[in-house]
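Presented sequentially are two complexes of chain A, the first with chain B as partner and the second with chain C.
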Partner chain A sequence: MGADLVLALLDAANFVLAIILVAMGLMVVFGMMRIINMAHGELFLLGAYALLVVQGLGGSFWLALVLGPLAVGLVGWLLEVLVIRHLYGRVLDSILATWGLSLLIRQAVILWFGPQSKVVAAPFDLRLDIMGQPFPAYRLFIMAVSLIVILFCFWLFHRTRLGLAARATIADRATAEAMGIDSRGLDRLTFAFGAGLAGLAGVVMAPLLSVDPQMGLGFLIPAFLAILTGGAGELMGVVTGGVVVGGSQSLVARVASPAVAELVVLGLAILVIRLLPNGLVGHFRQRR
Partner chain B sequence: MAALLEVRGLVAGYGGARILDGVDLAVEAGGITCLLGRNGTGKTTTLKALMGLLPATAGSIRLGGQELAGLPAHRIARAGIGWVPQGRSIFAGFSVEENLVIGGLGHGARLDDGLLERFPVLAERRRQDASTLSGGEQQQLAIARALAGRPRLLLLDEPTEGIQPSLVDRLAETLAGIAREDGIGLLLVEQNLDLALGLADRVLVMEKGRIEYVVEAAGLADALPALEARLSI
Partner chain C sequence: MRSGLMLAAGLAFGLLGGTAFAQEAPVKLGAVLPFSGGLELFGGQARLGIDLAVKEINDAGGIQGRPVEVIYEDNQTDPRTSVERATKLTRGDGVIAVLGPITSNARDAMLPTMERAKVPLLYATNYEGGACSRYVFAFNSVPNQELAELVPYLAENRGKKFFMFGADYVWPQKMFETAAGLVAEAGGEVVGTEFTPWGVTEFAPVVRRIEESGADVLLFALPGADGITFIRQAEDFGLLEDVTVGFLGFSEDYLGAFGEGKAQDMWVTVPFAAADPSEGVQYFTGRLAEMAGPDVVASHYTMTHYNAVIAVAEALEGSETIDAEALVDGLEGLEIETPTGLLSIGAEDHHVTMEMFLAHTVGDGLEVVDRLGRLAPEAGCN
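Right after this comes the complex of A and B.
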């Protein structure tokens, strides 16, 4: 019983951290620029294919872990300059345009790599013994990466001058500009950073998933749910939402079934969003 | 001596509406120029166009000889123009200190202690959320925040608005000190005629998007009736 509980919690923590890892880039882009990036899942996909390409050329996972996020960040930079910058302040248009981008990227991937799913290798295939049960060490690695990303984002936005400039721009764009802050430059940087995070998530998650052109969708929905329940617009929201959505889904799936778990999570998300439109963190922050 | 700020034929507006119709003005280093006028004559629009927050469709804006018209606001700020907006636009939810750091961010300037010495109230409350400050303290913060970027020229839009009358004199002293001690040029939009006359070494009156009347310091006393006539509703 003890071992079961520990494994259940470990699974839940793993799922929670994976969702937060995927949702973080989405959140940064939404929080900074109020752009709901429907192509985030496809940027995640590009990260996974970057790993495929690097491994195909004989490179190591670790090389892909560096190159993947950089390449996808560059794609994000180009998307911002070519498309996204025309969409600020137009929420519906931004959803449609980024959805269009998502189709474009997915079809490009199909043309290039074919529709079939591929397998990429994890950098190590170690199993740890956790209270008598085997647990893949790679999952612990993903959890560590996610924790590092979370801490890095908090540090970046709350402890650096760049983060302060970014938060000032979110708070009052015109005044920030008049203080000498290059808000356009920050837009490009933020979108590229969000895309790079998606790419990082793609590289790191790929060995656990089958790499195919549809893989972006599976994690995007829980990532969106996490942001909405936690409260869009701040880092603490995505962390809280990830814990609520990922934790309940993983734990309910274990005691009931995955289908029931999806129902429970969607129901829970609808309830939270209906009762607390600003999300959990947003709600309690306002009351303070 | 060439002026620090020289504006010639500045035209700007919102959409199709032409609010500024060829504004000419100048501010000297260490000088205080005060822009007066009735509501809706284009005073705030002039400041916004100078700051680049509203695109100038024609005309020239030169700061120390450098042409600024057409540049984005952050480049204009970095060229040396500090912004003290109407209503102060303090960053709420940020500490006093963070507000001051933000003022220097785009200029690569670190927060220096001299600034806090000049505004002891801000030094006392540096860790406090800026939105908890009183109106007068927020105004000091807005001015200090602009100074943190080490500007050559400050644009101030109604700095005495919403401030207790007892504090207006103190604020005027602060502004005079900034001009005289640091040699910073001040362009000030003001409704408070007494403050303007006490502080400025040049008074401009705006009417329908143009500067229609200029009085230099020496002539202020004689020009008072004419000024009052132009500003009365």
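Right after this comes the complex of A and C.
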């Protein structure tokens, strides 16, 4: 029983970290820019296809791990300049516009690569033995990447001048500009950074998934749920929400079934949003 | 003067030559298939078969001298769009039959429209059974045809303990109902049955539950991308080393989605396997390659949709009128030669008796292990 519990918790931690990895870029863009980016799943998709292209050209996974986020970050930069910058302060319009972008990117991928599922290879195909049960080593790698991304984001936004400037811009754009902060430059950088994180998640998660033009959708819903339950607007929210959504989904699926797990997760999310409209973290921060 | 005459003669000749076919109004068929929205792969497979059949019929002079024309409509993998498209085809274009769709929910949504318009729906995807109407013909398999030989074979050769895992909708549920009876008949035991919603990306908990159940065989009915994701993750956990997978609904569409040396020895019963060395199948895939290029992938969806169009031509060959009612009458009880052998359409249930093949994945292909002969459908009509 002890071993079963440890493994169940390990699987849950694995899924939690995967969700946070995918949701982080979404959170950065929403938290810092108030843009609900419906195209986040498609930026994730582009990351996965970047890995496909690099491996197709004979490059290694590690090369794609560097190039993928950079390429998707560049796409994010262009999207900000062409589309997103016209949408600040218009939440509903930003949903519609980014949803349109998501359709555009998905159809472009279908035209370019075809609708069928593709193969990408994990950099290593190793299986560990943890308490007598198999555990793919690559999953540990995903957990490590996610932890690094979480720590990096906290450091970037809470411990650097750049992060301070970004948060100042959110709090009061006019005053921040008066202090000499280049708010336009920060917008572009933040969106490109959020896109790059989506690309990184795409590269890292692709070996576990069916790589096809619809793959962006699968993670978008849990990512949004994590942000909503945790509390939109700050990094701690996405981490907390990831733990609640991912943890409950994985553990309930382990003891009951995936169908029951989905019911529980959605029920939980509705409950949290109804009782604590600012999310778990938002609620407790207000009370403090 | 002379040049004028020649011009006139030339024109007349050109007109004659050009219109020998076009004088006759085309026989119009509609097709409502997914070309976007998630299942475009299946839509493409179906279209390939339909295009080949139309080409062959027209090359041979059409139906009673009239060319066949297919009007394709994209249903965007969506039931409501399917109904709109079906209405457009039956009311606006005056088609005498509609081919497609792929999903059961789209088919069920279209059915009232087809019955009201009195135009037959030629459905050529494997499904759960029970779609019975004067205006529906099913050209692919129903659960008993996919399972009746597969389950006993796996029980005999791989072990008696079965775990069933599939997507949470009607097709897997009906498949598993039929399978449970067959497992019991084969002296086996069902050690677990589970369903998953669509869009799940993490299968570690389910993989562990299957492992824990001590199953020898996994009957698996999770089509499309979700199924590919599951198989990948199950392979990472080493599940496929202990458990043999019976992959319901597997076809050549999936090949190449798993990577070299992966997803080997998964079992399925299909009405067609492209790698089948038999003469009929090789001739069929050869003609497809001629039409669509040498890299074309063919699956049973390609052949069943091809069969449906060929059946239309044969049903109307001796008919006095060419319309929807004549087509329905002609299709009932019709027998046609297909790439895999003789196919008979039930006069009562409108489902097909056809050759079925036991196959498994080897290398990057689907290898036929046993020819099961002609299997009759249990259509589920009451």
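Odds and ends about this structure:
In this section, the second predicted complex is superposed on the first by the 288 of 288 C-alpha atoms of A that agree within 3 Å, B and C clash if a C-alpha of one lies under 4 Å from a C-alpha of the other, contacts with A are read in each partner's own complex, and residues count from 1 in each chain.
Here is the rule we use: a contact is a pair of C-beta atoms (placed from the backbone, for glycine too) under 8 Å apart; a residue touches a chain by one contact, two chains touch by 3 or more.
These figures come from a predicted structure and were not determined experimentally.
Applying the stated contact rule after C-alpha superposition, one finds that A:D172 touches chain B and leaves chain C untouched.
Partner contacting the larger number of chain A residues, of chain B and chain C: C.
In the superposition on chain A, no contact is made by A:S60 with either chain B or chain C.
In the superposition on chain A, contact is made by A:S183 with chain B only, not with chain C. By the touch criterion defined above, A:N14 reaches chain C but does not reach chain B. In the superposed pair of complexes, A:Q214 makes contact with chain C only, with no contact to chain B. Once the two complexes are overlaid on the shared chain, A:R161 sits against chain B while remaining clear of chain C. Taken in their complex, chain B has these residues touching chain A: 51-53, 72-74, 77-78, 83, 85, 89, 91-94, 98, 101-103, 105-107, 145-146, 149. Per the touch definition, chain A reaches chain B in the complex via residues 161, 164-165, 167-168, 171-172, 174-184.
Note for the complex: chain A touches chain C at residues 7-8, 11, 14-15, 18, 107, 110, 115-119, 121, 127, 133-136, 138-139, 207-210, 212, 214-215, 217-219, 221-222, 249-251, 253-254, 257-259, 261-262. Listing the residues of chain C that touch chain A in their complex gives 36, 38, 40-41, 44, 168, 194-197, 199-206, 208-209, 211, 224-229, 232-233, 236-238, 253-254, 256-259.
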